[in-house]
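Please find one structure pasted underneath; my questions will follow.
Order of writing sets the chain letters: A, B, C and D. Residues in each chain are counted from 1.
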Amino acid sequence: MSPFLFWIFALLTVIFGAAVVVNRNPVASALSLVVSFLGLSALFMSLDAYFVGIIQVLVYAGAVMVLFLFIIMLLNLRTEEERRINWLASAGGVAVALALLIQIFLVISRFEPARKTFPPLPGSSIDDVRNIGALLFSSYNLPFQIVGVLVLVATIGVVLLSKREPRS
Amino acid sequence: MDSFFIITSLLKIVGILFVVILPMVSYAVYAERRVSAFIQDRLGPNRVGPAGLFQPIADMFKLLLKEDFTPRAANTFYYWLAPCLAVMPAIITIAVVPFGSTLFGIPMVIADVNVGILFVFAIASLGVYGIVIGGWASNSKYPFLGGIRSSAQMLSYELSLGLAVVPVFLVVGSLRLTSVVGYQIEHGWFIAPFIGDLANPWKWLLAIPMIISFLVFMIAMFAETNRLPFDLPEAEQELAGGYNTEYSSMKFALYFLGEYAAMITGSGVIVTLFFGGWHFPGIPDGSHGWIFGLINIAVFFAKVAIMIFFFMWVRWTLPRFRYDQLMRLGWLFFFEIALVNIFIVAVILTFARP
Amino acid sequence: MAITVPRPKLSWRERLYLPAIVAGLAITFKHFTNMLLGRTKVTMQYPEQKWDANLPDHYRGAPALVRDADGRVRCVACQLCEFICPPRAIKIIPGEIPSTDRFAKVEKYPEEFDIDMIRCIFCGMCEEVCPEQAIFLRKDYAITGFTRADMVHDKEKLLEIGGVMHGVVLKWNEKK
Amino acid sequence: MVTLGDYLLVSGILFAIGFAGVMLRRNLIIILMSLELMLNAANLSLVAFSRFRVGPNGLPNYNAQVFVFFIITVAAAEVAVGLAILVALFRARQTTDVKDISTLKF
């Protein structure tokens, strides 16, 4: 993938990711997150991870964010009214986040392989779906089953949680 | 990635979009009106041009010249964004559908990716944003209800949609849509086992779960494209048009365009998965001459047209489902059927690969 | 009082709905093919085909004023129609006939007689109430115009639609 | 050319943004979204490493992508549960602000 496209999608991801945090309107936040995820999916595909990239769109943009929007609209969460901002707490939060960012910067700059480019792949059309599937059902069979049980438990939990208590 | 590839890809995109899909959308609207009229013993639009064939052009002018009205209470930015979001996914989906064999040695598919069907689902699932955002941004009751309904409906039916095609890929062994077509050319269409080698009994056995799979997929596709038995987001009688109530002029037309484009691409996917794509028994593929390549494309779109007719036929026959019925049907009926169907196919495949 | 309607118990075949759906599809397809083959009788194609020849004598179309055999407007501006008109579509400005005139004993004539065809509901009450048989509902029904002003029929227009009505009306009989 | 570090940088920035969101915002739904952002930042670096570590057969190391698959699955379940809790909370308290629900007892 050309650097030009990489930077476009990287900027898209980061800017809309920041918009999630900055926006006061929850719907705008959710939509920014969708765009950010789409950019991220493009980055995945630039790493020849087509399956992961498309699953990202399918699960996050297609299902999770629709759920978010559904809840936002159902609860009718409007733009938050301007509350008195606790400047000290906000500054603290920003400072911690910035510290984390600087830390990550430093780690990456010290990390030797980070300056290397990606090695070339043998063919342009590798079947990553088949490879991931084979791995999933052989080496990671047990975790896969456990995740299945987890999703089942989550489903039951969600049904129980969102069930209205009968008015007595 | 040479310039030849880029130029042919661009030609394919422009050709398929502006020469085939967009005219097909406008004529699908015309066909819908004619078919509905014929089913109801009327004549339908027959004034503009011979047999009313220029009606789409007249419609277009009418919609372009109408007042483009934005409600005062609407959230303007999202109100404008939503119709665009409704059209885009429907059109992008066609990129992975093989609409022909080869023409002058160029494969007639815009992007032959190895996650083909997942791409279709992923992009199709983005279509709901146009409706939800449109309903929300209108800041009006009925559109809002339409948008909410739409999001819940999409979430429920996406599952059946995805699970219904798993049997196909169990048999084919690849998510690539061209492989699906290739398999069907070799072994006969999934839904019609009488095409291809007749003697194989496993193929006949496999056809039963395939037909179930086809039915579930098609019904989920009805829900996904908001066509009539499941058109709860727009429900004219109860929601006064649903999510597009507040839209007028070209923005309304874009919603319309999106709905019909989704119908066309959905039909294209159904044809590719279950009806052998561009294949028709007896017609060789494009490597035997460009004329056959063109015939293959024509065969594909003829199949799509038949599928679209079926969509319309169902729309003007069946009444709309109630919302709770729709949910029950999606979660308690089709979901289970699709799961059991996968199991059946897996069992068949374990004992014999046809 | 609310009445609870018992829902019918469905057998499992009915609950499957598929036979009913297929039957419904078959019915609509039959209609579709019948239409394609031209076996369905469709409605009249209006601007090309018209029903005019078959309109009954008592058809209530656009109201019109008539003249008598002498070419005189029959209306005497009594304003009964203006009074009776339910949507108040009729506006009459009466004028006095000069005493030198041959018909001086009639006394009044309509100086202006407007019927607003946007308001007119073709009820025929003006025709019924008219003591002079001066206003009739004719068989025109396609009243069109580009402006609101076009849709107001004035006296000339009404007389043009109405034409001449032959027959004796006692009022102008000099011997009376 | 794009290096591994570039991807890690994007991933790091994204993670920091998500972290800042969790720290700064008080709307529960935004906090959930920020959590998603952090998870996805992790996904990005996992995929980048997967592509970077080409195995002896010349293919990317798919173990990491399997992890990403698991993360996405678990995250989806987490969002569902989180939103269900949010709805239950909203029914009880008519608020999604974390400041208003600091008491342990309802």
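Note that a contact is a pair of C-beta atoms (placed from the backbone, for glycine too) under 8 Å apart; a residue touches a chain by one contact, two chains touch by 3 or more.
Predicted model only: the values in this text are computed from it and were never measured.
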Any idea which two chains share the most contacting C-beta pairs?
A-D
Measure off the straight-line distance from the CA centroid of subunit A to the CA centroid of subunit B, and report it in whole Å.
28
Taking each chain's centre as the mean position of its Cα atoms, how many Å separate subunit A from subunit C?
69
Between subunit B and subunit C, what's the gap in Å when you average each chain's C-alpha atoms?
50
Inter-centroid spacing, subunit D versus subunit C (mean Cα positions, whole Å):
72
Got the subunit D residues that touch at least 2 other chains?
none
Hey, what residues on subunit A touch two or more of the other chains?
51, 55, 63, 67, 74, 128
At least two partner chains per residue is the criterion; list those residues in subunit B.
none
Chain-to-chain touches, reported pairwise for every pair that qualifies
A-B, A-D, B-C
Which residues of subunit D touch subunit A once you look at their complex with the stated criterion?
1-10, 12-21, 23-25, 27, 29-30, 32-34, 36-37, 40, 43-44, 47-48, 50-52, 54, 58-60, 62-63, 65-66, 68-70, 72-81, 83-88, 90-91, 96
Please name which positions on subunit B make contact with subunit A in the complex.
78, 113-115, 118-119, 121-123, 125-126, 128-129, 132-133, 136, 144, 147-148, 151-152, 154-155, 158, 174-175
Note: in the complex, subunit A contacts subunit D through residues 1, 3, 6, 10, 13-14, 17-18, 20-21, 26, 29-30, 33, 36-37, 40, 43-44, 46-49, 51-52, 55-56, 59-60, 63-64, 67-68, 71-72, 74-75, 77, 80, 90, 92-94, 96-98, 100-101, 104-105, 108-109, 111, 113-119, 121-122, 126, 128, 131-132, 135-136, 139-140, 143, 147, 150-151, 154-155, 157-158, 161-162, 164
Interface residues, subunit B side, partner subunit C - complex:
35, 37-43, 313-314, 316-318
Touching residues (chain side subunit C, partner subunit B) in the complex:
21, 24-25, 27-29, 31-32, 34-36, 40, 42-43, 45
